Each structure stands twice: as structure tokens, then as C-alpha cells.
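Letters A, B and C name the chains as they come in the text, with residue numbers starting at 1 for each one.
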Amino acid sequence: MSLVRKQAWVLGLLGLFVALLLITRLIQPNFGVNGLESLARASLPFAFATAAMAVAVIVGGIDLSVGSMMAVCSVTAAVLMESMGGVPAIAITLAIGTLMGLINGTLIVVTRVPDIVVTLAMLFVWQGTALLILPSPGGAASAWMRSAITGSFIIPGLPNALILVAVIVAAIWLPIRRSKLGLAIYATGSDETAAFRSGVATGHTKAMAYGLTGLFSAFGGLSLLALTGVGEPVPGPYLLAAVASVVLGGVILGGGVGGLLGPIIAVFILRIIRTILTLAGFDPNVTTIVEGTIMVGVVMFGAFLVQRSKRQAA
Amino acid sequence: MTIDPDPDLLLDARGVAKSFGAVRALTDASLSIARGEVVALLGANGAGKSTFVKILTGALKPDAGHVRIRGAETRVGSPAQARRSGLVPVYQEPSLVPDLDIADNLRLGGTDRDAFQHWMEALAHPDLTLDAVVRDLPLATLRIVDLARALAAKPDVLLLDELTAALPTDLVERVLKVARAQAEDGRGVIYISHRFSEIAALCDRATVLRDGRSVGEARIEPGVEERVVELMLGAKIDLGKRAAEIARPKPEGRPRLAVQGLAVAPKLKDASFTLHPGEVLGVVALEGQGQDELFEALAGFRQPAAGSIEVDGAPARFGHPADAIAAGLSFVPGDRAHALFRERSVRENIAMPFSARMRNWGPLRLRHEKARVAEAIARLQIDTRAQGEVQRLSGGNQQKVTIGRWLAHGVRTLLLFDPTRGIDVRTKRQIYPLVRDLADRGAAILYYTSELEEVPLACDRAIVMFNGRVVDIVEATEADEARLMRAAYGLTATEGAA
Amino acid sequence: MSDIHPETDDRVPPLLRVGRFLKDNPLIPLIGFLILLIGILEVMRPGILSPFWAGNMIKFAIPLAMLAAAQVLTMLTGGIDLSVGIVATSAAFVTATLTPLIGPFPAMAVAMAVGALVGLVNGFGAGIARVHPLIMTLGTGLIATGCLQVYQRFVIATGSDIPDILEWLGTGRTAGLPNGVFLFLPFAAFILWVMRFSGFGRLLFALGSNETAAKLSGVRAWQVLIALYVLSGLIAALTGLLYLGMIRAPSLSLAVPLVLPSVAAAVIGGTSIFGGRGSFAGAIVGALILRVIDTMLTLARMPEGARIALFGLIILAVTALYVRFTETR
């Protein structure tokens, strides 16, 4: 019972997603496994960007540099893969992503400049770094990487990309969430003073959470590379999409509440709306406008909720 | 350093001093607790209690003096460290993480679950499930959880800071019993409360802080209240002429402000009074008796849940402070940080209300503004040597700026919330005649003060608030501090009101 | 006179005192820094300094300084406007494409209206829904980009034309100075006047300094914020018009690369990103400094990436120093 109540928002999102899938089928009766597969593939970088953002928001901050860190990781891996095997390249990329996140977090804790300002500045620092590594799209992706996210051969009927997101996010997030660190992350995001008084090392916790954000961003960058086959130094529109998905996914801006499942389902919802609009024959640019408007609307609604809960607490 | 610590002393704090910038919060505070003792720490608002508590629990580092727990000097860096040393506090406000459930909150602090459950049973909450989320629980339950968590850590010294303020009577009794049992086990308890009845029932000894200094101790025995009140009030400083001694006609006619049955969440339950032009009405209350809500509702910061406010006989509703200002009610809040634009000039701070309305967004009327500001500065004798930034002024001058703002704007009804908190005697002596002068020129003034001696100095009458209600109305001529203090502590059976 | 005066200068630690001096007179060290940079430039490439070079530097600093005005004003309230790039671009594009259809002045009016509209949406989000302005303006920027692309498909056949007046402002020179100053000087005077001598400007400082205190003084924040972001949108649109005259080739990302430098110019010029403190004069010098740094980086063959990263680091370092010096927040 309480599990149902706790997960009501996530279940609702899941229901919404299924409903949207059905609508898609109504519009385009031959939308099937293939359609789902390409939807999942296109959602991959968004899903990791959102997971990354969600961790930062849960600890009570926000990370505007997610898209730029993804770009750094994408070009790093693309350059490395030209000269070494895929696996060591991926390992190095993941380490670099985590390091970038830790740098963000440490700067926030040490300078005492608010998260939003530090990560805005770092957005540009990382973007510049990506351009230094690779001034224009290039490099290469290992062939097996590209095929790993295509098709649906691991479990028939389920797109590989979907399984990949689920497995990676679960393998990283679930053990952490259950650990002392996970608890400290939620406690710090919920009420930093109370957490500090309960004995949590809040500065350390924040830095670690941002490190995790960096790690998920690295996966985002890798999936970007796998998707396009080239390293892309200019980040796409991941920032707003990630914030909107996080809010829609039930993570409250301000911290301490929500998980990663909701935001990731929210990513698929926003993506499938795009698919529906495209299938319905809208101009892709109009689709961008509608999508942007939905995202801004979602964020406004989230801010409104925060404002109301603040007023109630006062 | 050569004095051997008394082995029976669980806690020994001596000569503790702490300053925040120019403000000396503590000058010489001491507290000792032997095994099996319950000691009350008392002091009026602003005496330095909360700073002392923070130093004892390791949230702040003292500038001078020492804190020893079981003879060992504590080098406190964090609450977690203080906890390990044996002193476990229960803070005034819950220190549980709101979005986690109880079980996770216990895990966070490394609290033993069985011990916690044991204490929850002892505190009459055996059925609280550990997966309840803190945010959903009522305040009283949270206080009990806080206490049980502290007890489960098996503290040598337990510090209870205003724990019972949010508790119903039966739970208060439980808490007192448990605290007593701690002492009987050979542990120590520091008890901070505004309620004399609890102190009398629980404590062995009371130590009193005044103006950041430990001024005395008293064994708890019948009649000790008088002695404690005396210690808290201290020797009189001559602050000026008593307003009550100056003959003034009784206010009559239509009141400027009439408040009837006002209730404002969370603490104000029922307030009724009238305020006439030319009158200074004092408000006397301990911390958190609903006076904050009263002032904020009158200033347009909060919406009342029930009751009515009438200004000049017409019902008024304030959705925003701008509405209150339009109705002539100007608010000087207790915390200057809420009223000042720290990095702006004195002139801008004073002149800000001139620009608030949209039709005044255009060119500043500089000459008009300069004249009004200069007049306010002269009238308040603000030291303007550092006028480029308000934050560089002394506390007293900052406070004058917040009052000067409304002098320049024109005062009809002034809501002064503890205007003399934390400021020097000299400035205080300037503020009382100013308040009187404003009233004599036809302003109506509501004046909350945490310093009782001010009531006869500045006010014509005073209402006493306790537990969210107006419980007494005292004429200034009869408003001696002992009577006010007793009323504020809910000690007298009140005639007339409530 | 007074016995209680806790923070007279003799008791303030030296580092804080230096910080205070710089805070009180931000222009002095900034201009010094600018001269120093120009000196270094002359050493790097002897003979580069000439009236023509100076005119050119001023010419390209003007649009940057104008966008920085939008950042200074919004930052005063603790906000920021990241949509200025796309607003300026849209204004330029709309003007260029509508001029052949409805004539230059109506086209420019429509362009300004576009800026005002985006500003209105930003103001609604920031002032009423209370979304963080950074997220809000990012979102409207994205939507505006989409709208511009759709718009482009409708006007693709009409061709484009740049109004003569804009071309004159953007490319002409009078007595060695770029004609842009004829727009910029009145503009700068207006912004400085708003900040120092208008009630509205005073409220901007108030909101950023202490919103509770502003509320206490009777200020309704949402009114101020909506007006502010509309003003910011108008400034961005005006900048777009000037920039169109300078570049003379409307594109869909014309002014977008100016956003980051505009934020950097404001921050370098002593405007606090937390609100309550800011100077447009400082931002103008900041814009000039950035242009000189730009020249230096180009001379040193620094790649684009290094420049972006450097600007990010400048913003972070200046802000962190500000927090250190003032010990607020």
C-alpha cells in the first residue's frame, strides 16, 4: 500500500507513457518494435543527461554543465578510440566524466558560490575543453558500440538501448542509494542543517553527488558517440530537456525527494510526444517549439509547486 | 590550567566568550553539571542562551574560555564530534531530515534502533512506525522522536532546549519523568525552558544568564521564581524618564486600529485590542507566543485565518505589505537583516518606499527626497559617517535607519517589533523619546519589546500575550517588571482577559 | 562623536579593505587593467595600436556592451538573461526579411516587438511563476530558436534587405569613430540614468539586495521583474538591429556567440551575479577588455575552445573572489 503511494507519481508517468504509445499506434498503425527501438535509441543521451541532472537536483543543487560534460566525454572517447581499444577508451572516458563532476562539486563546496553560478561557468569551461580536444565533429566510434545500442537482440521485443539505460543506471544508482552515501545525499538535499546536525559530512556528500552527475554525463557522452558515430564537441539541447524531465519525473527542485526512475520515464514521455508530433505531420521546427513550450510549462509548474510548499511551510 | 578537574563534574564550562563582529553575544558564561544533576539554564531573550548552547554542543567555537566534558577538553568542530564526547543536544527546532523516514534518520546518526524503540515506549509512543516520513508527522511527535534519538545515544549530558514548548501536558509529564530518571542514573541534564512550573518540578539548580554573563545560581525551592526573576532583570540602568509618569489624557474616539479575534497560523490564536492615535501600546510576550504572527499579519506578510482588522473604522485586508502601507501601517521588523539593503546607502534605504509604486518608477524627485531623508537623519541623530553602505553602520544606527524610513515616508501607525534588540544603551535612550514624540504628534504605535523595563518607559498600556492569546492588559503605571514577567510566564491567574 | 562604530576602516582586515576599495571604485582598477592589456598587446605586436585599430575595437565592443547592459540590469535583481542572443538574432533576421515587404521602419518596429514579447514571457516566468531566470530564459531562447526556424521557411523566398540607417550605423565612420557611437552614447546615457536616477532602477538594486526588505517597503516584485525582462528584451532587439548593420548578413545564429561574453563583461565590470550591486560603466570597460583579450588570443593563435573556457573561468574566478571579499552568501 505504502509502496503504491510512494510510487504513485512514477506509476502515473508509466500509465501516461503507455497511453501515449497507444496514441502513437492509432496515428501510425505500423508503429511497432522498430519504432520503439528508434525511440529508445534517440532517447539514450537524454536519459543519461536526465539521470545526471537528477542526482545534482536530489542533493539540493543543479548542474548546468551536464551537456558540456557530455560533449567532452563524447570527443574524448572518439579521439581515444582512434588509437586504442574500445574498452580502455570507455574506462578512461568514464573516469574523466567522474573527475569533471568532482571538480564541479568541489568548486561549489570550496568557493561557496551557489551551484547554479558555478555550473554555469563550468558549462563554458567544459564546452571550451571539448572544442580544444576536437574543434569540429570527428574521431570514430568502435563498431561494436554502435551495434550495441541498435536492435533488440538481448531480450527479443525490448530495444537494446532501453535495456542498456536500465542496467547501467540501476547498477550504479541502486547500490549507492542503499548505501550510507545515498542516504546522506537525500538528507543533504532535504535539509542541509538537519543533516549536518545528524552527523552528515555535507560538503563531502555534495562533492560525491556531483561526481556521480559527472559519471552519468560520461555515459551520456558515450551514448551520443555510439548514436552518431562521431565525436560532437558542441553540446545539444540537453540542459533544458534534462531539467524538464527531472521536474516531470517527480524530483523537486530544491532537493531531497524523488528518484531516477521517474525522470527517465519522463524522458521517454517527452521523446514520444516528439514522435507523435512528427508522425502527425508537423514540421520538425514546429515540433521543437511545441516541445520547448511543454518543457518550459513543466518547469514553471514545478516552480509553482515549490513556491506553494514554501508558503505552506512558512 | 593547573586546576584538577572535579571528577564528579560531567560538564564544566567556564568563562566562555563569543563575539560576532562587533556584537558581543557572550562575555563570561559558565555552567557546570555534576553526576545526577538537572540544571536549568535561564535568561531573558537576547541574554546569550542560544549562543551558549551552540558553543556547548560544538556548533560554534568560543573565543575564550573552555568547555570540558568528563574532564576532557572538547575541541568541537562539528555536532557529530560533540555527540561522541558525550553531550547530546535536543535543539529548539527539530533536527530531523524532513524527506526521510524515521528509520533512515536513525541510520544517518548511527542510532541504535532497539534503544530508540525502548525510549519511544517510555515516552508513550510505542506504535510509531519507523517508515513514517518525518514531513508527515506532527510537531509534537517529532520532538519526542528527537528526544528518543538523543536518549538512545546514552548521553552523559543531555541538553534539552525548549523541548516542551510544542508538547501537550501529558507528554510534558512523560518527558520530565524521563529526564528525572536520567539524573537518577547518574547522568546530567541541562534544561532550558520558559516555564517555571516545569523547572520547579524537574530541576535541582538554576543558573541565570544576563547580557552574555552568568550572573548567579539558585537552588530550586519554593519561592525561587522571585529570586530568578530578580537575577534575570539585574540592576537597573537609568534609561530615561518613565512615560507613565507624564500625565496624558486617556485616548478616546475612534481607534486607529481595532483588532478583533485575530488568529494567524501557526501560533496566534486569539488577539483583540484597540490602538488609538497618540497612543503607544506595548506588547509583552516571551518568544514565540504569537507576537510575530500578529505583527506580520498587520504588516501584510501573512494572511489571518480568522478575525478582523479595522483601520479608522473600516475593515482592512492586506494581501501584500503594499496594502498595509497604503492603509498607513508601517512595519519595523525585529530582525534588521530583513529590513535593510545592506550594500546600499543610508539615503537609498530610507527613501526606498518613495519608489515602490509604479507611478513613481520614473525620475527620482531628488530634492524632495534629500530634504525628507535629511530631516529623518537629523531627527534620529543617525551617525552618517559611513553612510555609503548601511552594513558599515553600527547596529544602533542601522536600527535608526529602519525607523527613519517610515519617518521620512510619514507615519500614521507604526508597528515596532523589538526595536531595541541588541543595540546600545545610548541609542535606546534616543528611541524612547522619539516614540513618545511620534505619538504626541498623532501617530499610533504598537510596540513589542523583549525587554520588560522598556514598557513603562515608552508605553501607555501593554497587552500581555501567552500561548497565542492576549491574556492581560496592563496600564503603564502598574507595569512593574515583576508583574509583567510573571504575566508573561503565565504565572498569575489573569483577571479580566482570557 | 559616537562611541559605537564597529566597522570603521582601521579595524577592517587589509584584504577586506582592498576589496571594499575595489567595490567602491571598480572603474579605477578596470581601466588600469585595460591599459595594461593594451600595453601587452603593443609588446606582442609592435605597431598594432592606431586610431583605426581603436575605432575598430570600439565598434565591436558596442554590441557586446549593449547586451551586457541587459545582463547588468537583470543581474541587479539576482537574475540573468540568456535569451538575449537569440532575441538579437531574431530582431536582425526579422528586420532583414521584412524590410523588402513592409519597409525599413515598420520592420524594425516588428523586430522590437519580438524582443518585448520574449521579454514579457521571461518576466512572467521569473516574476510570477518564480522559475529561476537562468532556466526560464534558456527555455524561451530555445522556443524562440524554433520559432525563428519556422519563420525562416515562410520568408525564404522574399529575400532580405538591410535598412540604410542600420548599415550607416554599423559600418560608417565619422571622424575616425564608428557611427555606432551615435546609437550607443544615448543608449548608455539612458541606462546609466535608469540605474542611478530613476525609481525603477532603485527598485532593481533593492530586489537583488534584499527581496524581503523590498517587500517591506511596499515593492511588488512581479511588476518590477516583468518590466525588467521586457526592457532586457528590447535592449537585445536593439542590439540585434545594430549588429545586423555591422555584419550585413542575417543568419540564424548571428548574435548567439555574444551571450557568454556579455555575461563575462558584466561580471568583470563589477556586477554581482547575486544581485544588489552593479555598474554599467564597469560593464562597458569590461566589454572593451574582452575585445582586447580577444585580439590577444587571436594573435596568439589560441583556438576558439580556449577562449570559451577562459571566459568561463573568468566568470567563476571573479564571482568566487567577490564572495571571498564580501563574505556574503
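Operating definition for what follows: a contact is a pair of C-beta atoms (placed from the backbone, for glycine too) under 8 Å apart; a residue touches a chain by one contact, two chains touch by 3 or more.
It should be emphasised that the depicted structure is a prediction, and the values quoted were computed from it without experimental measurement.
Taken pairwise by the contact criterion, the protein chains are fully connected, each one touching every other.
Ranking A-C and A-B by contacting C-beta pairs places A-C first.
Centroid to centroid, with C-alpha atoms defining each point, chain A and chain B lie 45 Å apart.
Centroids of chain A and chain C (each the mean of its C-alpha atoms) stand 31 Å apart. On the chain C side of its complex with chain B, the touching residues are 1-8, 24, 197-200, 202-203, 205-206, 209-210, 212-220, 223, 227, 276-277, 326, 328. Across the complex, chain C is touched by residues 21-23, 299, 301, 320-322, 325-326, 331, 333, 337-344, 348, 351-358, 360-364, 366, 383, 385-386, 388, 391-397, 405, 424, 426-427 of chain B. Of all residues in chain A, those touching chain C in their complex are 64, 107, 111-114, 116-118, 120-133, 135, 233, 237, 239-240, 243, 283, 285-286, 288-289, 292-293, 295-296, 299-301, 303-304, 306-307. The touching residues of chain C, when paired with chain A in their complex, are 80, 125, 129-132, 134-136, 138-140, 142-143, 145-147, 149-150, 153, 260, 273-274, 303-313, 315-316, 319-320, 323, 329. Contact residues on chain B toward chain A in their complex (touch as defined above): 59, 78-80, 83, 91, 94-100, 104-105, 107-110, 131, 302.
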